Structures are given as C-alpha cells and as structure tokens.
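Shared between the two complexes below is subunit A, which has subunit B as its partner in the first and subunit C in the second.
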Partner chain A sequence: MSKSYSLFKKDLHSELRTRYAINSLAMFIIVTLSVILFSIGNETISQSLTGGLFWVVIFFTSMSGLSRVFVSEEERGTSLTLQLIAAPSTVFSGKLLFNLILVFAMNTVIAILYSALFEAFIIKNFGLFIVSFILGNIGLAFASTIIAAIISKAGAKGTLYPVLSFPILLPLILTSVQLTLFSIDGTSFETAQFELAIVVCYDVIILTVSYLLFDFIWKE
Partner chain B sequence: MSEYSLFADSVNKTFGRRLIFKDIRFKLDSSTIFGISGPNGSGKSTLVKIIANIISPSSGKLIHNLNGSEIKPERLHNHIGLVSPYLVLYDEFTAYENLNYFSEIRGISFNNERVDNLLNKFLLFNRRDDLVKTYSSGMKQRLKFIFALMHSPQLIILDEPTSNLDDEGKEVVYELIKEEGSRNIVIIASNEKTDLLLCNERINLDEYKN
Partner chain C sequence: MIWKIFLFLLLCFVSVAGISFPIVDNPQAWYEFPFIKGLEENAKIIFFHVPTAWLTVIAFFMTAIYSFKYLRKKNLDDDAKSYAAAQLGIIFCILATVTGAVWAKFAWGSFWSWDPRQTSIFALLLIYGAWFALRSSIESEEKRATLSSVYAIIAFVTVPFFIFILPRIMTGLHPGSADDTNAGPVIDFKMNSNMQLIFFLSLIGFTILYFWMWRLGYKSLIYRDKLNKQLLLRG
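== the complex of A and B ==
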C-alpha cells in the first residue's frame, strides 16, 4: 500500500506542476454551470429536474478530466517507466487513489456551487444525500479509472472515453439520480434501501473486475 | 554474491501475421555480457521488451531465476534495470525527484550514497536539482543509466546504450558495462560494432526468421 501511496504522491506532485487535469476540470465546471444557468434564465425548474441536472454536470465533468491519470502517462511515454518500477496492482491502486481524491474534490465543488446557484436544489434528507453522494463518487472513480486504462492504449482516446464510459456508468448514474431525488423528497433510508444496495453492488463489482482485468490491460 | 540466471525457451513473437523472430533459445548466468544484433526492424527492441517482462512472447517463455528459485513476474521489476531510447523520465521533476520517487514506488529505501556516486560518475551531480526538461538528450540518456542502476539490479538490459552520448559518455558506459558484466548479466541490443565488441556471447536476430 505504501508503494501505491508513493505513486499517488508522485501523481499529485506532477499534477500540481503540470495542471493537466485540474485546469480542465475547473473550466468545465464553470462552463457547464454557466450554460445551464443561462439556458434556464428566469424560468423556475422543478426540484426533480435539478437532481438530474446535478448528475449530468458530474458525468460530463468526469469525462473531461478523469482519463488523465493514464492518458497523460501514455502521451508522455512514461507508461514504460511505470512498468519498470511497479507491479500492475501497485499502479492501479495508486491511480485509483488519485482519481478518488480528484472525484471527491471535484464533486464537492460542484455540489457547493450547485446548491448556491440553484434555489430549487433543496435537500430534505441530508444523510441520504451524503451516503448516496459518497457511494456514487466511489463508483465513478472506480469505473473511470479502469476505463481510462483501457482507452489510454487506443488511438482516438478523447472520443472513446465518453463512448465507453456511457454504458458502463449508466446504471450508476441512473441509480444515483434516483437517490438524489429521494434526498430531495425527504424519503427515508428504509425506502431507499434497494437503490443503495444497487450502488454498493456496482462499486464492489467494478472494483473486483478492475483488479482482475488490469494485468491484461497494462501489459501489451 | 547472488546468482542470477535467465533462460529463454523457444521464444517466438509475431505481430498479427508478421513473424518477428522464432525459436530463440539461450541460457545466461551471472558475469555474462550478451549481445543482440540485427538490422533495423529485426526485433531487437521487441526481444528486449520480452526479456524485461514488458510484453509477452507469442509462444515460449523466459524464466528468471535468483539463487535457484524462479522470480515471480510481479516482483521481476526490482531485479531488472533497463536503458532504452523509448524510456522516458518525468520532465516536470528534477533528476533527484525522479530518482527519489522511483525508489519509493519500488518500495526500496533511497540509497543516497549510491545515487550520488552514479550522479558523479555520469557527470550529472551538479545538475541534480534541475528539471529534466532542461536536460539535453545526452544528459537524459545518462540519467536513464542512473535510473537503471540505482537499485543494484542483477539483470541490466541496454537497448542502444550509446545513442545520444558524446565520447566521454561512451567511455563511462563501456567502463560500466565491463564492471557490471563481471558480476551481473548485461544484455546489449545494438548495431554499434564497438558496443558489441564488449559481449562474450551474441545472437543475430536475422538468423531467427525462418
């Protein structure tokens, strides 16, 4: 685990120097929220619509920045260096840790800005929102990391990432939207149990499959 | 002293329908300098990548043994040092930061004394705190040697080791090959006659096409 943490530290240090992902994520969040605000204008939107739009912003922002963990290594030609210094499981754990932190930081900023800008986005069951937000973010980080590893070896990386991510993330996004709507409606944990179980299962399955697949993806 | 041995058992590689080489067999023990020669496109770098466990052979296998027991593939990287033109270090870090991170990620303690010795030997000590992006191609090549040797590997693989180096750099490399070749396995993939003259065993990949 300490080796993975060292890889995470290396990636964080590299990110702070190169600003590969942070700049594009920040710009994307600002642009997306502005476009939604301008398109709504003076109209009042329903509470249920704000829940859906919240995850739309999260999905597209993730598509713009989370692939960088592997794509930047591949584009700079440093993948080989990583192969020479670490076992595949170390590489995947380190990159996963980086994406987890990035997803949580990015989505927390989105949630704060979103709550401040959209009056209709009022959460009645805050506990349920936090739990679904955490589980949704974990699933998003897991899935986007393994998809990033797959597409980094391909030619048309930029196009392939959202195309491949959409079917894989769809069950997670749909369930997370439903859980957000429950939080807005003030639904209890007991009623949301089924959806919460789906997200937990999704997270476990994606993580297991990722570790099983990564060796084959990483080695040409 | 640890005894390292490398055994290639009928190694074949094809890309699609194109045969790169077939039926490569050799057995190397410590204190060997082994040469891989062949014209451009003959598969020297491909064989180097297979030996370094970066890509898999289409059939056949390579067995790495340390003191008589086979090394697990996931632990192999700590026994191998590779220098090649397609190896890229992190431009945004200094030489010292690069080497420090490599040690940490390998899970070994950073050996200051060894790193400083290597930096001195390759004439990079005074530039150790400069970003790698400010280095010339020859300096980057010398840093790759430090990267390959800093963890004291038993198998050193050098793909075109003297490319981008000036005469002084080449001398340092030749000295190092002789020194490492006296106790470890050194594999040189090159077309340079002066590089191959150092080898005590050699294969020509042109002979493994049919």
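== the complex of A and C ==
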C-alpha cells in the first residue's frame, strides 16, 4: 500500500511539473461548456436537459485527460521499469488513486462552473445530488483507469479511448443522468434507492474485474 | 449431413408457418394463432426477431467464455473462436436492431424511441463495434488476443445491467417490460401451444444454424492462420 502511495506521489509530482493533464482538462471544460452555451444562444433550456448536458460535459472532459496515467508511461518508455519494481496490483492502485483525485477535482470544477452558467440547473435535493455525484465519480474513475490501461498498449490511443469507454460507461451515465434529474426534481432518497443501488453495484463490479484483469494487460 | 437437411427443413417450416399461419380470435385448428391484445398481426415477428436477439446475447456470451479461456491457456485457437462468435454476433445484432425498428414503426409509430430494450441492443452494438475497433488497432497477434479478451470480459460483466436489469425495471413499450399490462409475459400464457411450439422450434433452428456458422467461421480462421504460417516458413 505504501508503494502504491509513493507511485501516486510520483505521478502527482510529474503532473504538477508538466501540468499536461490539468491544462488539457481545464481547457476542455471551458471548450465544452462554451460550445453548449453558444449552441443554446438566447434559448432557455429546460431543467431536465441541463441534467443530461451536465453528464455530457463530464464524459467528454474525462475522455480528454484520464488516459494520461498509463499512456504517459508507455510514451516515456518507463512501463518496463515499473513492471520490475512493483506488482501489477500496486501499480493499478497508484494509478487509480491518481485518477480518482483527478476525477473529483475535475468534476467539482465542472459542477461549480455549470451551476454558475446555467440558471435552470437548480438542485432541490442537494444530499441526493452529492451522493450520486460521489458514486458516479468513483465509477467513472474506475472504468476509465482500466480502459486507459488497455488503450495504452494499443495503437491509435486518442481516438480509441472514448470509443472503448462509452459502452462500458453507458450503464453508469444513464443511471447518473437519472439520479441528477431526481435531485433536480427534489425526489426523496427512498424513491431513488434503486438507481443508487445500481451505481453501487456498478462500482463494485468494475473495481473487482479491473483488479482481476489488470495483470494480463500489464504483462503484455 | 442428415442434420443439415433436417435443419434446412426445420427452418423452411418455421419460416413458412411463421409467416403464413393466420391469427384468429378463437384458434381451433392446429395452424391458427391466437389474437394477442396489443400485438395483433405484428405478433408474428416473434418467430424471427426474438431468435436474432437471443443469438446476439449467445454470441456475446461465447465471446466472453472463449476470451476467458484464452487468458487462462493462451491458446490462439480460443481467440479465433471468440472472434468468429463476435463476427456472427454483430450480424445478428444488426438484424435484431433492424427487424425491431421496422416492427416498432408499425407497433409504436416510430422506428426508434429509446425504449429500454432499444437502448440495450444499441449498447450491445456499440460494444461489438468498439471490440472490432480495438482488434483492428493492434498488430501483434498475442497482444491483440489478450487485450481484446480483457475488453470482452469487462464488457461482459457490465452489460448484464442492460440486457437483464434495465429493460425489466424501467417502464417501456416493449412486450415484457415492467408496466406492460396488455401484452404481459408473452411467452407464458398469451401464446397458445402451437404458437409456442413454432416459437421454440424457430429458437432451436436458429441456434443450430448459429453453431454451424460459428464452427465454419472459426475453422476457416484457424486454417488460414496455419496456411499463413506455412507460407512464411517456406518463403
């Protein structure tokens, strides 16, 4: 565990030095939000649409920066050294921790900017929104990390990442959109508990299968 | 050889019977189908649409199983088997999507309405597409087999959310969804016995057809690899 923490610290330091992922993510948030704002123009959009668009922004932003953790190792040629010094599960834990922090930072910024820019985006049940937001972010980080590991070994990395991630993330995104709509409508926790259970199941399943399969990807 | 003739006759019978047998209010003769409220004449698609959707899932399942086998034994033949299964799977997936959309035009009024079932078949189509995209982006055979196997298994454990959970809990238009009162569980008690018989015969016939095509598919893939290797050794 301490090894994966030091791996995480190494990733964090190299990220803070180059600011590659942070810069591209920040720019991507601004670009996606402004594209949506331009396309809306002076129209007023309905509340239910803002819930969906919120997850559109989150999906495309995460697709622009979350693959860095593994792709950078392949590009620098440091993955073989990592294979020598650490067990696959340690590497995966370190990378997962880094992506989790990145996803939470990114989505918090998106949520703040989004609620400032879209007047229709008013959340009535704030507790439900926070819970579904946290669960959704965890699932997003888990799934995007394992897909990042796959595409780092394949060619055409940039275009392949959203293509491979979208079908895997679809159950999560659909239920998260539904949960966001619930919190906009002010639905109680009891009504939303089934959707919450789906997201929790998704998180657990994707985490388990990632740890089981990462060995095969990493040794390839 | 005999079973091929048998399969040919079976599928001929199913196609003729499924299309031509009449739907009446009170079925008396052995060749008459009952009138199902909410489905009416459109009910006949069940003999062709349901088997294609079923085979899509079967093919997906077999892709995952042979991917799992490949990861355990690292035998490239297993990769050829999962590839052949997925090739057929995407064909049946497209067929199920198209027949379903045509049926939806007549039953629900539009080709596509994001019913939970339509979402789930669309997700399967996306997964197959992504899987083939991943395979075509990797040159090395072993690497391609390993990575696509891993992806197939990840997709296989998340997709049951679509195929088995979401359509049954979400309210939808498709027969058999959660709030469906008039068409209900179609197979159990809305069909009479001869309709059930032809439905299950069609399911069996298409499944045999699928396994036959799959065998031909993976054998030709394995032979092609062998021939390529021999040519490389000689030349």
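General remarks:
As a convention for this text, the second predicted complex is superposed on the first by the 220 of 220 C-alpha atoms of A that agree within 3 Å, B and C clash if a C-alpha of one lies under 4 Å from a C-alpha of the other, contacts with A are read in each partner's own complex, and residues count from 1 in each chain.
Note that in this section a residue touches a chain if its C-beta (ideal position, glycine included) is under 8 Å from a C-beta of that chain, and two chains touch if they have at least 3 such contacts.
Just so it is clear, the model here is predicted, and its values are computed rather than measured.
When the two complexes are overlaid on their common chain A, residue A:P171 makes contact with subunit C while staying clear of subunit B.
In the superposition on chain A, A:Q83 makes contact with subunit B only, not with subunit C. In the superposition on chain A, no contact is made by A:S115 with either subunit B or subunit C. Of the two partner chains placed by the overlay, neither subunit B nor subunit C lies in contact with A:T187.
Of the two partner chains, neither subunit B nor subunit C is touched by A:S24. When the two complexes are overlaid on their common chain A, residue A:L7 makes contact with subunit B while staying clear of subunit C.
Comparing which residues of subunit A touch subunit B with which touch subunit C, the overlap comprises 220. Against subunit A, the residues of subunit C that register as touching in their complex are 71, 119, 123, 126-127, 129-130, 133-134, 137-139, 142-143, 146-147, 149-151, 153-155, 157-159, 161-162, 165-166, 169. Touching subunit B in their complex are the following residues of subunit A: 2-3, 6-7, 9-10, 13-14, 17-18, 76-78, 80-90, 94, 219-220.
Of all residues in subunit A, only 146-147, 150, 153-156, 160, 163-164, 166-168, 170-171, 174, 194, 198, 201-202, 205-206, 209-210, 213, 216-217, 220 touch subunit C in the complex they form. Of all the residues in subunit B, the ones that touch subunit A in their complex are 52-56, 74-75, 77, 80, 82, 86-93, 97, 101-102, 104-107, 147.
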